[in-house]
Amino acid sequence: MPQLSDIPPQDRRRLWETMLLIRRFEEHIVDVYGQQEMQSPVHLYIGQEAVAAGVCLHLRPEDYLFSTHRSHGHCLAKGADVFSLYAEFYGRAAGCCRGKGGSMHPCAPEVGILGTTAIVGGGIPLATGAALASKLLGQGRVAVTLFGDGASEEGAFHESLNFAALKALPVVFVCENNFYATASPIHQRQPHDDIFRHAAGYGIPAAQVDGNDAAAVYFAAREAVQRARRGGGPSLIEARTYRWKGHVGPSCDWENGCRPKQELEQWMDRCPLERFTQRLLQSGDLTEQDIRGTLERTDVMLARELERAKHSPPPASSEVWRHVFHETK
Amino acid sequence: MPWTKIFSNQAEFDLALGGQGLRALSFREALVEAQRFLLQDDPRVLLMGEGVDDPGAIFGSTAGLAQSFGKDRVMDVPLAENGMTGVAIGAALAGLRPIFIHMRNDFLPMCMDQLINHAAKWSYMTGGRVNVPLVVRSIVGRGWGSAAQHSQALHGLFLHVPGLKIVAPATPYDAKGLLIAASRDGNPVMFFEHRWTFDYVGYVPAEAYQVPLDQGVRRRQGSDATVVAIGWMVNEALKAAAALEAEGVSLEIIDPRTLLPLDMPLILESVAKTGRLVIADTACHTGGTGAEIACRVAEWSPGALKAPVVRVDFPDAPTPASTALEKTYYPDAEAIAQAVHRTLREG
Amino acid sequence: MPQLSDIPPQDRRRLWETMLLIRRFEEHIVDVYGQQEMQSPVHLYIGQEAVAAGVCLHLRPEDYLFSTHRSHGHCLAKGADVFSLYAEFYGRAAGCCRGKGGSMHPCAPEVGILGTTAIVGGGIPLATGAALASKLLGQGRVAVTLFGDGASEEGAFHESLNFAALKALPVVFVCENNFYATASPIHQRQPHDDIFRHAAGYGIPAAQVDGNDAAAVYFAAREAVQRARRGGGPSLIEARTYRWKGHVGPSCDWENGCRPKQELEQWMDRCPLERFTQRLLQSGDLTEQDIRGTLERTDVMLARELERAKHSPPPASSEVWRHVFHETK
Amino acid sequence: MPWTKIFSNQAEFDLALGGQGLRALSFREALVEAQRFLLQDDPRVLLMGEGVDDPGAIFGSTAGLAQSFGKDRVMDVPLAENGMTGVAIGAALAGLRPIFIHMRNDFLPMCMDQLINHAAKWSYMTGGRVNVPLVVRSIVGRGWGSAAQHSQALHGLFLHVPGLKIVAPATPYDAKGLLIAASRDGNPVMFFEHRWTFDYVGYVPAEAYQVPLDQGVRRRQGSDATVVAIGWMVNEALKAAAALEAEGVSLEIIDPRTLLPLDMPLILESVAKTGRLVIADTACHTGGTGAEIACRVAEWSPGALKAPVVRVDFPDAPTPASTALEKTYYPDAEAIAQAVHRTLREG
């Protein structure tokens, strides 16, 4: 078992800061959502931050990332701009998609996010295709696709694993197994919950990790990304985790009977941010003062960007007819 | 007729029909009642779909059914729309009568292979020896930034697929009667619902009844122009009619209810009377249901129109997320009224 | 390893007769196809007979069978009527689908063949659904789906395995791995050719057998069908075999460069019918005289039915508009 | 113009145009030449599809390309249409320009999710920041009992999907020029070919050229009636025109070439002249391209028609297998001529 000390100090710090950024980014949404001005169905990531942080730390800006309906954390970890995300969720012209995509479809081509699909499983073949492009063009870029346990039931997941294995593509499949698809528990959808087992059928290396342990995700992702980058082909990582909020929106879904409250509480006790914070405090990577300082800086920045986004102008109505097609060749 | 009326809430209903001792249900409740009846009445009926048994209960339209009939008959399924549609078809071939439910139209493209290549063609390919008694319910999403992949209305696509029937109820009464008829029909029936009709209230008899799959209904008598309105647009057309009435314009409203088969005699009869036609649909413009209706009018009653037909529907663009853009994207009663004005001006 | 002697004598004989029937049924088609009167794209099964024979021997008439574009052998083994198949291939009114289905879409509901799809992989979920119906209706029927190596690449295969395992459905998935999909060799489509390996991902019992050995198929299928019948859930059988003819039509596709001739010859040396004949001769289940007699009776019957079919009338043109919809409720 | 002409074989071509020193290619060869040019010209171009590299070479339309460019650029793929279409889209997003090839239209329903929900919407959803330079070639099968699942023509479905372009070439010249234009376009383009046009011969310049994706062509000048003919029907319309000429009827033939965008000005201009319109398509009747064209004529030139529009297309039924039934199922030059007679009688 690799130790925390096997993670370079600057990476430890970045892991923690990324998780913190995601957590607070989402909590700011929770705070303002009730105002009903952010009119976009937000699928919050709170509770799963270690996965995005641990995976994306290994990626370069030019590497590709394909996400899902639950995209915020992934985008932030990959380096997407906070303001342009918030503005997008508010449906503003300055949003990363000019207000046309909303929370489910962010893009940030400048950091390898070429667009996001909210069709479950839909992004998996897209990432595989981006990896094919990278390989055929000899670019050395890695493509990562993050998706849920539900997505692993879609045929497109298997079709992608098969093709990626066949062509030894530089793609990392990361399944965030949070044991639910909307309110449907995994045992109503799959015969068991060890999703990583499907990789063997394709001869793809796989790892099952504690998705609430940023270090565990970090090590598994490092291996997978390095393998992809050196031409060793695809990998599958199953990160077992849990979302704290409801499937969509800022409330908790145990309140309406979707899940047992106790289950949520057990997982909250294993908060990925809190756990990693404690470890970094112990290791001396962090001090209480660091924490307070970073938290404050992050919150000030997020509040500022959110306000800017909220008060930025909506798109002109003529935008409805634009961009149906690519405008220049 | 009380069952042709739509109300936006119970209070409105009480005002208009409550005095007659009629029972009101919401569109959502009417769906629940139809399915409850079907499950009770026929052990072969089975509901399948992602989340049919969960607290959300498909926007409430399957509420309580899993509790009453168990999870074998109100069955949550994996996220695998094409495969699971195939499973439903296979089950239908082997004696069940599945009702497969999608929360959104947008997931139908995932199962086009099973719908187009299998369900629609099975009776024909087997020379009529094996049929597919399958209903596919799917709901049109709209608003709150649902955007391009969560607010499509795709009934128009299926018009071009022989072997499927297409239903688009606009009232609680029709939701119940058409769903029962669809499940009994013995053919694959695409059943399109619009999220925004779910709260509508209307008269719904407690007993089981069927609304035939080939009969439209005249929702309003009028003499100056005909609006053929589909699904959610029926209510917008009624609003437009009320506004136009104040101006002295008398609108006739036809709700085809089923798009395949399409009740052309009813449409042609109305057009012969009014000489003006507006078609209001909840889908994108090009290649949709409106084109087929307009084309048939041109083929079968070429002289009937005094002014060019006008289509009121969505732009030929995916749905934008921003609320600001949604306002422009979606036509409403106002757009219908404008279209009517145009036909009056031009003819 | 079970021995030939573990197969009851009447089953040994039926296995052999079924293989012979299929082989000769197809060879009669080869003989007449050049006349260009059988205007249907025939996908011949010659070389793979042991699979259909070994699987279907365990099925009852009310059990379900879902086949593919390459359906003839499956249908015969399940008990479909020879005349109504030939008539169908000739596009005649008396065909099993009134001439509307042709060679790719036979049905024989009286023996559990509820129709056939030529969409690769399409029949796999259908069989799974039939098994669901059997289970929910408490009928004890087993559903079998036979499909090719190509079909195992379709998402529908995986979606079906998942659901069948989840619900422990009485379905047997039989993959006939003949190493080609049209002219495309499996190594251009999959990272390895051990298709049975995918079952483990779902916890489904799997067997890989010599598909040219009727006894091997028989034993694997017996176990799988019995498991299904007693409520033990699905199984996957991979039967490795080879088709002798081209993908479609009566010629051999090495002639146009689709495959090496030598490869075909090696597989022909392992002819499933010839091998089983030899074993039954050795075991005393068959004599040379039996063989001659059965062959002659079979040929006379096939020639007669084929002639009858060929000379039976075509459907009336009004049939074009019938059966688009189910006619009575 | 020589490039508007179609010949059923080389001898016919030689007779008509050979004297002018023009070069003839078959439709199939024109496709090969276009793809060879694209592969040579742009290292980002990639052909993908089941069997693109095999001896059959997609009915010969990719013949020799794997040999010239290798199996990385002319790539056989697994049987996984939806996933592989997603792979093609992902590759397009990341800088390649794939041409995905299906042997049959019938396999398109397998990838509707990736085509409708992804390719068609990507530019819009990203606010125009990321585009999908993808061409999807697919061929309409027909005859020899191909039956319901191997002979569909599904271009009409895609008319109702904003964000896609639709191309349906009828001549070798257009096959080459439109394919090059499609690959250069930067948008997802559905490229529909008809198996029965593959042997047609016509003038094809050796150099690379583009046929614009929004311009139809007048294949024949005439004054009595307009036939808008799509794909394979263009040649049938030409045959009908020849037969009708003998009777003194002068037919104008419009080949839209691209169905989206649709060259309505050309169609309206012709209809304004002839006052009679027949639309001949190689697809099922209801909800197809014909309905959209007829509807637009009714909307935009309501007074132009002296007789009702007539659609010539397939019955609203899946394709039957039996040759006897195929004869009834498929309309031909004769059916077009009859339709023209009808418009002449009725107007």
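The letters A, B, C and D name the chains in turn, as written, and every chain counts its residues from 1.
We adopt the following convention: a residue touches a chain if its C-beta (ideal position, glycine included) is under 8 Å from a C-beta of that chain, and two chains touch if they have at least 3 such contacts.
Please read all numbers here as calculations on a predicted model, not as lab measurements.
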item	value
Of C-D and A-D, whichever chain pair has more C-beta contact pairs	A-D
Identity of the chain that, by mean CA position, is farthest from chain D	A
Chain A and chain C, separation of their C-alpha mean positions in angstrom	46
Approximate Å spacing (C-alpha centroids) for the pair chain B, chain D	33
Chain C and chain D: spacing of chain centres that average the CA atoms, whole Å	37
Length of the line joining the C-alpha centres of chain A and chain D, rounded to whole Å	42
Contacts with 2+ other chains: residues of chain D	77-78, 80, 82-83, 106, 110, 113, 117, 124-125, 147-149, 162-163, 315-318, 320
Sequence positions of chain C contacting 2 or more other chains	95, 97, 99-101, 105, 117, 119, 153-156, 158-159, 162, 166, 188-190, 324
Contacting residues of chain B [partner chain C, same complex]	43-44, 46, 72-73, 77-78, 80, 82-96, 113-114, 117-118, 122-133, 162-163, 165, 184-187
Chain B-facing residues of chain D, complex	82, 106, 109-110, 112-113, 115-117, 120-121, 124-125, 147-149, 154, 156-163, 260, 283-284, 286-292, 294-295, 297-300, 302, 305, 307-311, 315-318, 320
Complex interface listing, chain C residues touching chain D	39-41, 88, 91-92, 95, 97, 99-105, 117-121, 150-151, 153-155, 181-184, 188-190, 256-258, 314-315, 317, 319-321, 324
Residues of chain A that touch chain C when the two form their complex	153-159, 162, 165-166, 188-192, 197-198, 200-203
Touching residues (chain side chain C, partner chain B) in the complex	64, 66, 95-101, 105, 107, 109, 114-115, 117, 119, 122, 124-134, 136-137, 141, 143, 155-156, 158-160, 162-163, 166, 322-329
